[in-house]
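You will see chain A twice below: alongside chain B first, and alongside chain C after that.
And now, the complex of A and B:
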């Protein structure tokens, strides 16, 4: 365990090296935060005051927007090909030969990275959002705690998804098709594109039985009090365990597929 | 070469370079189609979001779905063409870092043309197709009393839009002549700008409006032309002739960009060994 803790710590510290990139990223997240908030608020112009659409008031929608922007970097909703790259250049073999669990090796590093980016990206983004807009805050300290606990689970589900479609590289060398499919699916199903409750009922039914919503929608619902703490965190724990299990099954088959290229 | 080549010759050579690069990609047909398909897919999400929003709401800032779709169409078409023509600009920063930019400078075309044609692909063809579809959808649904000046306004908006996005992608490259850090922040203006002007400008606060009209004139290429086409009064109370400002302001923006590019080239010191 000690080894994985050290790995997580290394990758945590590493994140603080990119100061300019962090500032640039914060700027971009903030611009998009303002842009999306304005767009959502404009949707409510012709609604009666305090109207709630799909369970979201205007202020709650803006809060949802900023949580979404804050979690982009810690949770990662888009392309991530670190493992695919090692499959391509062959270093994956070295990683698999190391005296540690291949899944935990990447997972611990990803948690370290995520923890650092909560500090460097999520907290500053939410602070900027709360200065520029009236955000809705969690109602009680239990809700605060539930949200904070939900973020590592969001990272876990996201990591497992990324891990699995990266392992796809063992079977297919051109990953562009599958990865853009995953990017679109993640955007829509996690609720990053729009609050899930705004979609037509049939789409919601589909999204509610998929793991993606644990990445963003569930943390947002825990924050806003739209789901009970037990149910929200329960779903996330369930999906984390299922996804980790799937990762190991896939890894088992992938290890048999390893072909060392070049020499 | 004894005489400097003319702009026309330069365009012809750039066209040839592009077609050679394209033929190279076509050799890997599956990969080529997959790339276009991927891009198409990713932009589908954007359109999906627009329609899903109007599934729950009737208007956005007082505009209907078809009216907002008109803004989307103009912006997407201009952005995708502008991006395709200046895709090589993405390579400038890595080329400067690796010292390879020297090679770009020694070619017989002008430095900008060389940098722009250092890569050409149809990655954004998918987005162009979607832009055209959504523009068609919008134009078929909104009630426009067509006239010659309206058609002219739309055409000018498209052309200025393409030029503006080409200039914006160039700006990103210009900054990399001075710094390699934090250039990504410009993305907020290129990608952010194209997203922002897909919605009516009056929904934004004063700062964003000012920024995207007078610093980056993206608002002039979608919002004011759309107001004119739809015969809508300007809720911001600007005079009628504002619709005419798009093209001259874009020309000005391009001139400033060209000046910045030349400054960048003069500032460039090779990192080579």
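And now, the complex of A and C:
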């Protein structure tokens, strides 16, 4: 266990080395936050102040936008190929020769990375958002706590998804096809593109039985009070466990492929 | 007790048929078609005792890396048995990992983004090396491999030779009983090679670490390995002492004779079963001869009949020649 803690700690520290990239990213997040918020506010322009679309008032929609921008880096909604790269260059063999759990190895690194990104990206982005716009804040300390707890679960579900499509590299070295599919699915189903409640009912029904919404929509709903704390966190815990289980099953087959066919 | 014991170890890879086009590649993914098998290792057997340094050599594609992968547990053999440090590698891979050190020259076990020292410290936690032991091993490695200059450098900035020394240090922190080295000196300069060889010798002498070494650098072999195994096309061609290999396959020494002037043209006629004039280059004549059949003074005496000898030199067979000759002929020999 000590080893995984050390791994997490090191990837946490490492994130602080990329200062220029952090500033550039923060700028991009803010520009998108301002842009999207302005578009949504224009949509609500001639509506009464308490009007809502799919359960979202204007202020809630703007808040949703900024949470979405804030969580882009901690959670990661697209392109991540670190494991695929090690499969390509063969270092994955060295990793399999170490006395460690391959899943926990990458998971602990990702948690460390995510934790650092919360500090360098999520908090500054939300701060900028709250200066420029009137955001809605969680209405109780319990809601605050629920939101904070929901972020590591969002990272977990996202990590499992990324872990699994990276493992595809053991079967298919060219991952571009499957990864662009996953990226589009993640963007739409997590609620990053639009709030899930804005979709037609049939699409909502589909999204509600998929893991993706745990990555963004559920944290947003916990923040805004649109879901009970027990249900929101419960769903995230459920999906985290299911996804971790799936990762181990896939890992089992991937390892077997390596040891039988030599990668 | 044998540290490594291998019996009839065999590995065949299926040869996949490549189907063209998008449809073809999707079909291959779900229902691959095979057009046969390729035997990379064809039933090899050997024993390695504790404390031996064995050179495992052979031409490209001979099956060396495949054998090492099976002995680390990362590859399951098609058939045959092996135990390494008392464990069947592919059944107890994680457990065995604690007892072996592995260096694949082409790959690294270090973390690219971290300073070398940080990688080593992570490995300390990974292998649960006690702090005192870690410091001691680190000190030895730092001294013998000269790591001091670049311990704080990120691995991605290290030169090949520095990285390789770092990798070697990394593979030894947990005091492995066995060290597998797959081309550890590939691409290194003479200084780095010498440092690595000295280090391995020290380690072997002081800790009785067993070493299985794959290399294309025959100096490595000459300096480190009392015993060598030659493998070709997945079969062991030779297993024994280096000297035995030399006298068996490389019996021919060379006498280079410099005459005062061009020697008599029919000097070539002295060639017989025991000696052969292999080259005439003006006044310089090269004669290869069989060490068991004729002595060097005798060869010189015969050549001396064809002109006035000014100088001469004797060359022992080069291990390169020996191996090349083995690779060309394909008769398995065992001692």
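Note that in this section the second predicted complex is superposed on the first by the 257 of 263 C-alpha atoms of A that agree within 3 Å, B and C clash if a C-alpha of one lies under 4 Å from a C-alpha of the other, contacts with A are read in each partner's own complex, and residues count from 1 in each chain.
Quick note on the criterion: a residue touches a chain if its C-beta (ideal position, glycine included) is under 8 Å from a C-beta of that chain, and two chains touch if they have at least 3 such contacts.
If you're wondering where the values come from, they're calculated on a predicted model, not measured in any experiment.
K.L.:
So if we stack both complexes on chain A, do chain B and chain C clash, or do they fit?
P.N.:
They fit side by side.
K.L.:
Scan A:90 for contacts with chain B and chain C and give back first, second, both or neither.
P.N.:
A:90: touches chain C, not chain B.
K.L.:
Does chain B (first) or chain C (second) touch A:258, or do both, or does neither?
P.N.:
In the superposition, A:258 contacts chain C only.
K.L.:
In the superposed arrangement, which partner chain does A:10 touch: chain B (first), chain C (second), both, or neither?
P.N.:
The second partner, chain C, only.
K.L.:
Looking at chain A, does chain C or chain B touch more of its residues?
P.N.:
Result: the larger residue contact count on chain A belongs to B.
K.L.:
So if I put the vertex at the Cα centre of chain A, how wide is the angle out to the Cα centres of chain B and chain C? Nearest 10 degrees is fine.
P.N.:
Once the two structures are overlaid, it is 90 degrees.
K.L.:
Could you tell me if A:172 is touching chain B, chain C, both of them or neither one (first, second, both, neither)?
P.N.:
After superposition on chain A, A:172 lies in contact with chain C alone.
K.L.:
Applying the touch criterion given at the start, work out whether A:99 contacts chain B, chain C, both or neither, answering first, second, both or neither.
P.N.:
So A:99 only meets chain C here.
K.L.:
When the two complexes are placed on top of each other via chain A, what is the minimal CA separation of chain B and chain C in Å?
P.N.:
5
K.L.:
Give me the intersection of chain A's contacts with chain B and its contacts with chain C, in residue numbers.
P.N.:
Comparing the two interfaces on chain A, one with chain B and one with chain C, no residues are shared.
K.L.:
Which positions of chain B touch chain A when the two form their complex?
P.N.:
Per the touch definition, chain B meets chain A at residues 30-31, 34-35, 37-39, 41-42, 44-45, 48-49, 52-53, 55-62, 181-185, 187-188, 192, 195-196, 199-200, 203-205, 208.
K.L.:
Quick check on the complex: what are the chain C residues that touch chain A?
P.N.:
Going by the criterion above, the answer is residues 13-14, 29, 66, 69, 72-76, 90, 93-95, 97-98, 102, 104, 106-109, 111, 113-114, 118, 121-122, 125-127.
K.L.:
Would you pull the chain A residues touching chain B in the complex into a rising list?
P.N.:
For this pair, the touching residues of chain A are 20-21, 23-25, 27-28, 31-32, 34-35, 38-39, 41-47, 53-54, 174, 176-177, 179-181, 183-184, 187-188, 193-194, 198-200.
K.L.:
Please output the residues of chain A touching chain C within their complex, sorted ascending.
P.N.:
2-3, 6-7, 10, 14, 89-91, 93-94, 96-100, 171-172, 258-262
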